[in-house]
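Structure record follows, encoded as structure tokens.
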């Protein structure tokens, strides 16, 4: 992990309030599922960096896909949007990373399950798995067709099935309704409700968690959760450092959520 | 006075660390010598607005000339400089004003005395006096030729004499050394040392003061000074509201300076 | 029902009346003392009648010159002030500012300061029957007779000054507490026992900035009062703690710069709020807030009573 | 002379030694407890040997699980934390982290916490002869035996805990004070009388944030500790006040995010500084600061001794 000050080379709204951001550069030792801490403002308010997953890294650069949720991401998006598209190289963004541990890749097939803004980090994973010749199914869930992102990109690497809550695209309903019996191993990222729902299936695999973070590097203990080990012992783990990826089914929910 | 959110249409470094900024728009009831409160950052740090004098208002818009002194003005300059020059209309700046009282214009001749970053507000004054057919002499002092600003613009309206400390342009020495016997009335703006020096001459006129400000509109009493009335009584005055222009010689120095 | 109530209010043109410790306000947003002068300057900036009440700069018995040297300093997401309670004295206020404000037809709350117990009493007495709506006792200023320790940092001193004023004044009495204490609840209880009608929380925290270019304290007075968004988490905590333990209406103040910030105060238990330093950054803020709150409540079909204290009820 | 001294230090390769209440530091910049873990993670980010000393996360006698729910919240120019002193216990530290840190060859300062007087003593005893450089007593945590009131908010309680540890430990003893008090000087004096070797100023201020979308306190623990640039003016004020009245070396902490900020602390009277929350925003900050200070002093031909307390001497 390292501190980088990188030129912004692309910033596009790919769905309402969702932006795709490319930074020129590369990150040493990146594993799909890792994230970076993004400085959203040069000034001391907002104070903390924002954890954003790495969507993918390619020749063009480092890609982040983020949603403008609160004050910090909105300030960032406004700042970048007010720049001239043709002149992006002048704008720099400070990031620290790559952080945490990514998804361990095992076997020769996999089911990727993403919900909403949890979809982007799975793209880099799909690409890496595809490069290793694995057979990949991607189950992607969104609220509506309008919110659906990255579908065409996933199609390059995986068989893609979509679910939307309102049925405006693909299956009408929850993405979990697309899960088949031989889905194992699964790699999931999305809202907590989705991750918890996965535990009710007979599946093994990994899921990526979100917690409010301060440091992002394992020193403040702001993001701690309890994980159950295989022998049912409780273990304190930092989402930023020991995670954000954990083996499916071993997180003790409900004690450190928002 | 009013709140304005105006497009930035020009931002140029006209001398090292001195920027000329044009905002599209106009300010109702502007008098030369007045200032605006500029929001340097959308975020809450830096917290306060920065008081900047109005340099001039013309068909193009409202012109401010400012020096990057500390954190706030530096952030502002960096933000504006990272924008593409050809695309400025997209960047907006929030200002509040016009504030305070400008220079009262009397008689048919005047000597304008400016030092350093005190020179800009006198330009709008020179233009207004010139429009009224007055005979104007402008004595402008700078550290070196490199720091000299707005000289050609002043030449449109006034006879201009320059002093630089190192003699690299015009008279070598202090701008006060250019003052002649019939300079009265004078209109001065510049560092405190210059303003105090003027009091040692036999002159009448006006000077414009600077004080640290919070509100800029007369309510916080952050910028208060003591002024001596003609009958030698002490009077508390707010630089932002009762000033920033005061009659030469009536300020009680040394009690509220930096 | 909430909607209908608003509709009725709108249609009738009747101004809302909110009772705050016996004082009648037009809405729940006020200026914070010292950040709005005596109203005259802001009358040129905004419509004063949009305020719930105007709280004026602290007044003492005699004119007070305040501190020398630099008086304001910017800090991260906030500022320090060391005005030193400069004011023209209560009599000048009554003669020169009060008529103007009374013509405006908004509730007037007068913040009063004293450098001795006797001074508080005399200022309060002068304001009897002048038509002001309430007194706000600023007990954060130093008691010069007792060595400069603020009345507001000792429960017994706070009790004595509030009780003395209470006995001499018929006006609703708000008491504004200092946050520079170990236990704000203890002070609040003492002030309640002494007869306060409402509590204003919080005044500024004592802070300091050093100008590293000169190596000297930047403020002429060395220390100053910290205000602005930086202190909001402390103010919210104190409002919450006091609201939980003390049965008096609370006026929340400290770092409000948006409706969301005000909502935090309401949810913590404040019945009304004041806005101070943020006005220096955003002079039209107080004109917008009452309308923004109305819209917020309408959209969510909520009454303000449901919002006040919500965070306490939901723990 | 200053220049020559630096030259000699550079040429000789000898590490500078700074005495702080009997502890030997490499330079005047340290991590603040709780913001640097036990050093292992940061060893991947920066060269630990650039630190003046490492101050580790507070340790109690037994492992401590900390608070449930959300533990960190952003605030204007700062943050709240309600970690609740989660830690693996002093024995685990000695076995698992200390060997790693000792291999690094940097002075190690151990921040200790206790929920009773006895716990403090036992933690301190465990650290005797382990090779740590100093103890930093965090007296801001609640005394569970006496109803949860922090040791650090009462002069008598502060005195008793410091004295007890002082009698049982041969290590240099730094005491870290809570800013949530009416009179920090009074606490500092009590702590000095009890035998402290140095004072660390300040710990976090108690604050709170309400999540207006849920109407609930955001932090699981309801309140948390406020840190970051927002609190710097308060920290500077307290360092200045204590430095003026109490003759003990001071370690300044609270809101440092740049060399200028650190210089304010030195000028206020701190002999060394710690950096906490700003590391979360700028993880390499502590690696840069020592060099930046050296450059600053060289450029101005100043010794650090001339800078320390400058603001007090120049008033």
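Worth pointing out:
The chains carry the letters A, B, C and D, assigned in the order they are written, with residues numbered from 1 in each.
Basically, contacts are C-beta pairs under 8 Å (C-beta built on N, C-alpha and C of every residue); 3 or more make two chains touch, one makes a residue touch a chain.
Values in this document were obtained by computation on a predicted structure and should not be read as measured data.
Relative to subunit D, the most remote chain by averaged C-alpha coordinates is B.
Across B-D and A-D, it is A-D that has more C-beta pairs touching. Subunit B and subunit D have centres, each the mean of its CA atoms, that are 46 Å apart. Our note on geometry: subunit C versus subunit D, Cα centroid distance of 35 Å, whole angstroms.
Across the assembly, subunit D contributes residues 75-78, 228-229 that each touch 2 or more other chains. Each of residues 44-46 in subunit A touches at least two other chains. Chain contacts in this assembly form a complete graph, since each chain touches every other chain.
Residue ranges on subunit B touching subunit C, taken from their complex, read 1, 3, 39, 44-49, 72, 96, 212-224, 236, 241, 255-258. Per the touch definition, subunit C reaches subunit B in the complex via residues 34-37, 41-42, 44-45, 57, 65-66, 68-79, 81, 83, 86, 220, 228-229, 257, 277, 279-281, 283-284.
For subunit A in complex with subunit C, the residues that touch the partner chain are 44-45.
Of all residues in subunit C, only 76-77, 229 touch subunit A in the complex they form. Taken in their complex, subunit D has these residues touching subunit C: 75-78, 80, 153, 180-183, 205-210, 212, 214-217, 222-223, 226, 228-234, 236-237, 240, 255, 260, 263-264, 267-268, 307, 310-311, 314-315.
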